[in-house]
Amino acid sequence: METLVPAATCYHTRVRVTTERSMQFIDLTDRIEALAARAGIHAGLVNVQTLHTTTAIVVNEHEPLLLADFSALLTRAAPRDASYRHDDMDLRTVNLAPNERPNGHAHCHALLLGSSASLNFADGRLQLGRWQRVFLVELDGPRVREVSVLVLGEAAR
Amino acid sequence: METLVPAATCYHTRVRVTTERSMQFIDLTDRIEALAARAGIHAGLVNVQTLHTTTAIVVNEHEPLLLADFSALLTRAAPRDASYRHDDMDLRTVNLAPNERPNGHAHCHALLLGSSASLNFADGRLQLGRWQRVFLVELDGPRVREVSVLVLGEAAR
Amino acid sequence: METLVPAATCYHTRVRVTTERSMQFIDLTDRIEALAARAGIHAGLVNVQTLHTTTAIVVNEHEPLLLADFSALLTRAAPRDASYRHDDMDLRTVNLAPNERPNGHAHCHALLLGSSASLNFADGRLQLGRWQRVFLVELDGPRVREVSVLVLGEAAR
């Protein structure tokens, strides 16, 4: 007996990234495409989610001067040297980690950018426009970071 | 005959939240984790979506002083007392509700933050980093609000 | 033998939109609802993703004056006539297309708004609040644009 039910497939993994600067855009597109291919789906969703509160996931063009414009935009919206209550260790009473560093600006940047991107997968490939690339955005580096990638869809026959 | 097809599971519910201030971050993480557990998936996606245009869903750290920094950032980007055409009842002709209140600023905040967060679920738990919490952000409260939560994935065996 | 496994369904299509102005909010809600209905799911996710880096997908209210407020907010955050390194053709060395036009501001707007919206579908309909509408946001028009829509869920019986 042949089942006519399309098989659902779910594949999860974590990607580790070592960042090198305080603010940096790391292009994850090739790694995500490889993971989606490994998951063996025909069509479905790929959700790319950072596991940190001072990083973000964005989709835009990989053009180095544009990435500098993005950094300038974020710095204008929440300057690194502005005053953040989160960084006032005389006031803080919760979530205090050893070697806590002032990073209120980085949390603000992350809030504006968002923590995940949901990408469509169809016809055996990630649906991305000509200029679209997927970035982990480091906002308080350098650090070792982890990104969770989940692929959910119909199994390829 | 044993089927080898993993069972897909889809579970939907709405969470009701009564907010208390004009701008407020309400931590929904524990409720979302409980709902995902109830859905009985092994791995999949949890999509948290607000049903209002003057609220948002964000993922960041639950540290009270940081939440005050976030409020200040939003207020700077779109001050409550700035002029919004949406609030000019002499010009408005559509979507007029009884007791309409001036809330152009709150819509602007919601636009910058986003209306949903897609969270990965794997190994029997929500994939969240150490400091990550999921918030409903009230931007025009106090009000009664509703959040839609959908869990989609492979059923646990 | 009757299978008790709910059938997973995945449906993908692209929506083409011809925009008419440099900045424009195009309401896609009716088209997305029709596509979700055609996909024949009972419950699941609908992911709406733009395929361009100078457009965005947002969910908010369709009130013309409010859309003008949104345009003003974006213009304030990244003015069209400010200086963007991406637009300096003396410095640019990568991703140069014929008839490249200055659009650093549009990329910045797209970065702030995001490239996709994940919507919950349950009880046979898209879960949207009373005022929620789904928009493609043109930020560097007029152009012909494409939006990828993926519907993933449990098949309706």
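Residue numbering begins at 1 within each chain, and the chains themselves are lettered A, B and C in the order written.
One rule holds for everything that comes next: a residue touches a chain if its C-beta (ideal position, glycine included) is under 8 Å from a C-beta of that chain, and two chains touch if they have at least 3 such contacts.
All figures in this text were calculated on a predicted structure; none of them were measured in a lab.
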Interface numbering overlap (same over half, different under half) for chain B and chain C: different
Angular offset of chain A relative to chain B [C-alpha, multiple of 5 degrees]: 120
Distance from chain C to chain B - Cα centre to Cα centre, in angstrom: 19
Residues within chain B bordering two or more other chains: 1, 3, 5, 7-8, 45, 77, 112, 114, 118, 152
In the complex, chain C residues that touch chain A: 1, 3, 5, 7-10, 12, 45, 47, 49-53, 77-78, 84-86, 88, 91-92, 94-95, 104, 107-108, 110-112, 114-116, 118, 146, 148-150, 152
For the chain C and chain B complex, residues of the former touching the latter: 1, 3-8, 42-45, 58-66, 68-70, 73, 77, 112-114, 117-123, 127-129, 131-132, 152-154
